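Got a structure for you, written out below as structure tokens; questions coming shortly.
Naming follows writing order (A, B, C and D), and every chain is counted from residue 1.
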């Protein structure tokens, strides 16, 4: 199947989430990145495009320029990923939506609520798709949890506990040159929400996605613990959902020891579910009055909602693919080095080669020989 | 940077490891799959090639044909992935090595020790690289463990405990039409090793890779518990390593409750390390006499050996990328459906869109309003 | 050292917490139970006293009677444990305090705030000690956590997350004859608090005990999910502490899959601590910017605050003592049976005896023989 | 019920296991320690007896003296606990067995196999009970595991993996004055087994106890890693059991990071079980082809074999009793101090008292008030 031609706004060299979007777009082979407005700084945009192997003619200085030029090409982009700070989401999305180009946009939607409403209008006036990357909804066990709730396995939902602690803003690192921290703590670029916008929206989205409920009201206690910080870096929130369920949501970026502790627990009249993003292959399910089950991605008890978005067998945590990819990446590096004239021995590094293979075969041979001799000691 | 042109031998539609190799080759964007001899069954080879979008002219009926044809093309493949049952590894690899095409080959090296020695000769006579996918050596925390041992943080190594239990062969499923089980339990296609070849070699390779030691002798007790099974499905092995270290290796495919339980523990005179593949983002390090530390990929205490092969920040288990990729995959599906004429509302499925975005913005707005009113209850 | 003579109010045969108090009073050998008013039902009081081996003359029909009689004896009780439903705490305590008898009282203090103030007065007017069994403050790692906070290892405290979920009231079991549920869900006997009184007070006490902070205000959303239930069975509470720290407290008795999930997490400017009652031997400590440490009771990093209340070495979870005690209990049963005329073989049950001992010795002998013969196979 | 009169041989002030035996004998109130030959050093024996509150007339200088004197008393001991180094087990046990006094003896049985056979004879010639404290068989979930295997829930057993790593002998601490290490590494006092006798016998006993199998032969690789150490401190053992099951046993006292890591895994044709001593309240059960269940002591799925030896409800890890006991121990200390004339305020230390009680009541009152006012903020 032909790949979908993709452009990207933002995501220059030192951005975190742009690289994530690019890898995600490649994993299943559905997209091909062909154009970009990768930075608002021209030099950085150019260098980033070059590093990515983009056609220089399709590396643009601004999203407006890119939208106009790509819309005019026969082989122009069909979709665009917007991975900029929040305040750029709306104007960039509008530029592409108005030209019928599908938009994949990072969350939160916009920096201001007014922009969000304008975005809603822009989507309504376009025929193109608008997709927000609430990526945590893509985990197999989250899909399974959602389906189990929908299937009534928990009964009527009573309690929804969501939390998302991090620790990377414990110190005021935005004053020490950490770019990721700078824009996230700046109301001009992030909007009214600090931690609530950056990670609280993820937790809230996930709570609604899995429970099938909508929040009706909340009471929020927001704090800015970091010295001189203008946006919240910790939020304690009580929530009431439709149908009478109650919940809490805690998000924090100042809780030492928490790297990315997104966690969801849902309890109903007849059962409970627990899931933690840092241990994503497991879903803990308790039918009330029975022993807790550890459901695994693709393991016994996995349902179609999960298996249909699983790429590999149970027991292979999804990082398995990345470990594998590292071998491929190092193989590519070695191949290119040899193609460039390097000697074969010089390029293998820690890559397993024929030697490792022979050792493995010697291991098998010795095992079989030892076993054939009543498990006697056998030289390797 | 231009992508390396890649071919594949094996990996047709219902193969497991072929799909893994393809994803792994795409993640970092270094390879482009352009040719294949994907199955020894012509129909299946054709169908698999079509599903992957290969040029039909470059879908071959056999690896010999592919090696010859591709070597003759100016834009022929530069590297090939061999992902067949073990007994095909050697003849396939030889065909490409002899033409200077780099080989990436699944483990174990070959089905027989004689083939392994022939493979060694074929590698020696070629200028091409030979890379064996001992993929577990690609995990960041394994790289870190290896470096920590090499740096002397454990002192002289005394004990190496390796284990790799699975449960998928508990019943004799090879008699029930499970293809993955059929060839793995067949000496003609797998060679002399059952579980020791399929997974024991991984465990042994990892033990050596991390400890920096080489095994000198072993005593192996092999069992075939599955009814009528001809190869081992459980192995209990004592190992002696150079330098006086001792170890055990247990691999099993008949241990219910174990999906893919590869685990390594290494103890030296001054410290210990523990790592488990199903929880791969953590490395547990104990300097003797101090509290155990939980080292995380890219977290505090991570060293260059690990961070240089990490794609994403700490706290985002590597499955994070796949969750993200699922959003992209579903976005691609939606885009193609809309391009094919479907209505926009009909294609979104569970994809988060403008609605989810507005809910997030309403959440932020309500949080800020509530907090501004002493955390009073506020409608969402 | 002579044991302290102890009486008990409440704690008849089918009470849970009375048995716990009795075991706790025996573990270190400081108390001897010599008198009781074990039930308000005379028959049950008598039967319970007999089962405990109390002198029938010191089994009383009411706490008033017991207080008067014991105060008049030269060998009367020195202390009393009050383990009744909450509404009896105050009148019972007053009866003993007014006679100079020390009181050990279960929590919460009383059923009503008026009683609590009266209790305060009764304590003030007595010379006797009043001790409330907030038993979770007795765990070694809680003592260590408190000391670490006091020593400034977390810096100024910012966030206090406390939770205490259970699931035993998920269904309305108080209507099905579950005695423990009956009085706990009855405002006449429990007071104004359901889950907040029964377990919320534990969580709040622990949060204050460890953090060294005092709450200044709270916002509480209480629910009664159980059909027809009059007291809260779930509580979501926001808390503000002196010094600017913020926190949440969740307690629930309707969260399926949670048996007794008391958990405390405290974060300050320079570090974080986490502890869970169901895994009480570990305290997780993160100095900000460093790897998380797993501190163990009596292990490396344990400080005097913890080791001084530890009875056994690290690695022996405290249940070790109870496993040991089971052997002793079964030994007692066997000894009494033999004393009663049973044959020796008939009474051993699963108790390990000479046979197990010989097997162990044969194991050692075989190990040494095998090892002396290059780890050759050796008959057991 | 009257307590059984108990004596003790060994267990003087600085012994570890003697104190454990004493606590275990008190927990359920079945025994009363009334006599002792607590040390072979007279001064230490006397001081230890005094600290324990023994009648000085029943503190003996040797076990022979104690056996003779106690056997002659009408109120003499009915049972004796022997908690000495291994080489004293046999002569001490014989002295009591020959007088009809029941013996509770620490493991391993004796220091030499000849003594073990003599012990067997002494038991046979006596009517008294001989009980070996393989204490790990007393854990509720071990009882449950054994029963589940016996009930056929795992089918025919195939694999038994036992391990017991510790780290306290990593350095040669027996040369640095650590008494526990001195006798355990001394062949004169421990016998032929080092780690295999001290902890390997526990692991082997537990493997047999739960599996219901008996070992038939083994192959053992023993090491002495500690400098100058004469007995093994690490053992790697292959085992064959009757009925065709195979297993491994690893015990070590030189594996840094392992405090007391006894762990048992058993796999049969239709299911698997896993248990770890450091997390003893859980038993992980996998019926082959279904999701793994987390069985808890006294929780859903617990069977009579476990609940009959559980003292407290599920979710209260057994250490709960010890935390509770610490409150009682500190209460005793405070009571004695007040009885000795100290002021009440001076003795409370960290004990919760009336103040903690009032805080709890204020917490409940504020919760109810806040909830009654739509969860408004309320002063504590």
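The rule is short, and it goes like this: a residue touches a chain if its C-beta (ideal position, glycine included) is under 8 Å from a C-beta of that chain, and two chains touch if they have at least 3 such contacts.
Please read these numbers as outputs of a predicted model, since none were measured by experiment.
Colleague: With chain centres set to the mean of the C-alpha atoms, which chain is at the far end from chain B?
Modeller: Result for max centroid distance from chain B is chain C.
Colleague: Comparing A-C against C-D, which pair counts more contacting C-beta pairs?
Modeller: Result: the pair with more contacts is C-D.
Colleague: If you average the CA atoms of chain A and of chain C, how many Å lie between those two points?
Modeller: 43
Colleague: Find the geometric centre of each of chain A and chain D from their Cα atoms only, then give the gap between the two centres in Å, rounded to an integer.
Modeller: 48
Colleague: Can you check how far apart chain C and chain D are, centre to centre, with Cα atoms defining each centre and the answer in Å?
Modeller: 21
Colleague: For chain C, which residues are shared contacts with two or more other chains?
Modeller: Within chain C, residues 219, 221, 238, 240, 258, 285, 289, 292, 296, 299, 375-377 contact more than one other chain.
Colleague: Note which residues of chain D are touching chain B in the complex, please.
Modeller: 154, 158-159, 161, 167, 170-171, 219, 221, 223, 225, 234, 236, 238, 240, 246-248, 250, 252, 254-258, 265, 267-272, 274, 284-289, 292, 374-377
Colleague: Under the touch definition given earlier, write down the residues of chain A that touch chain D in their complex.
Modeller: Interface residues on chain A, with respect to chain D: 219, 238, 285, 289-296, 299-301, 375.
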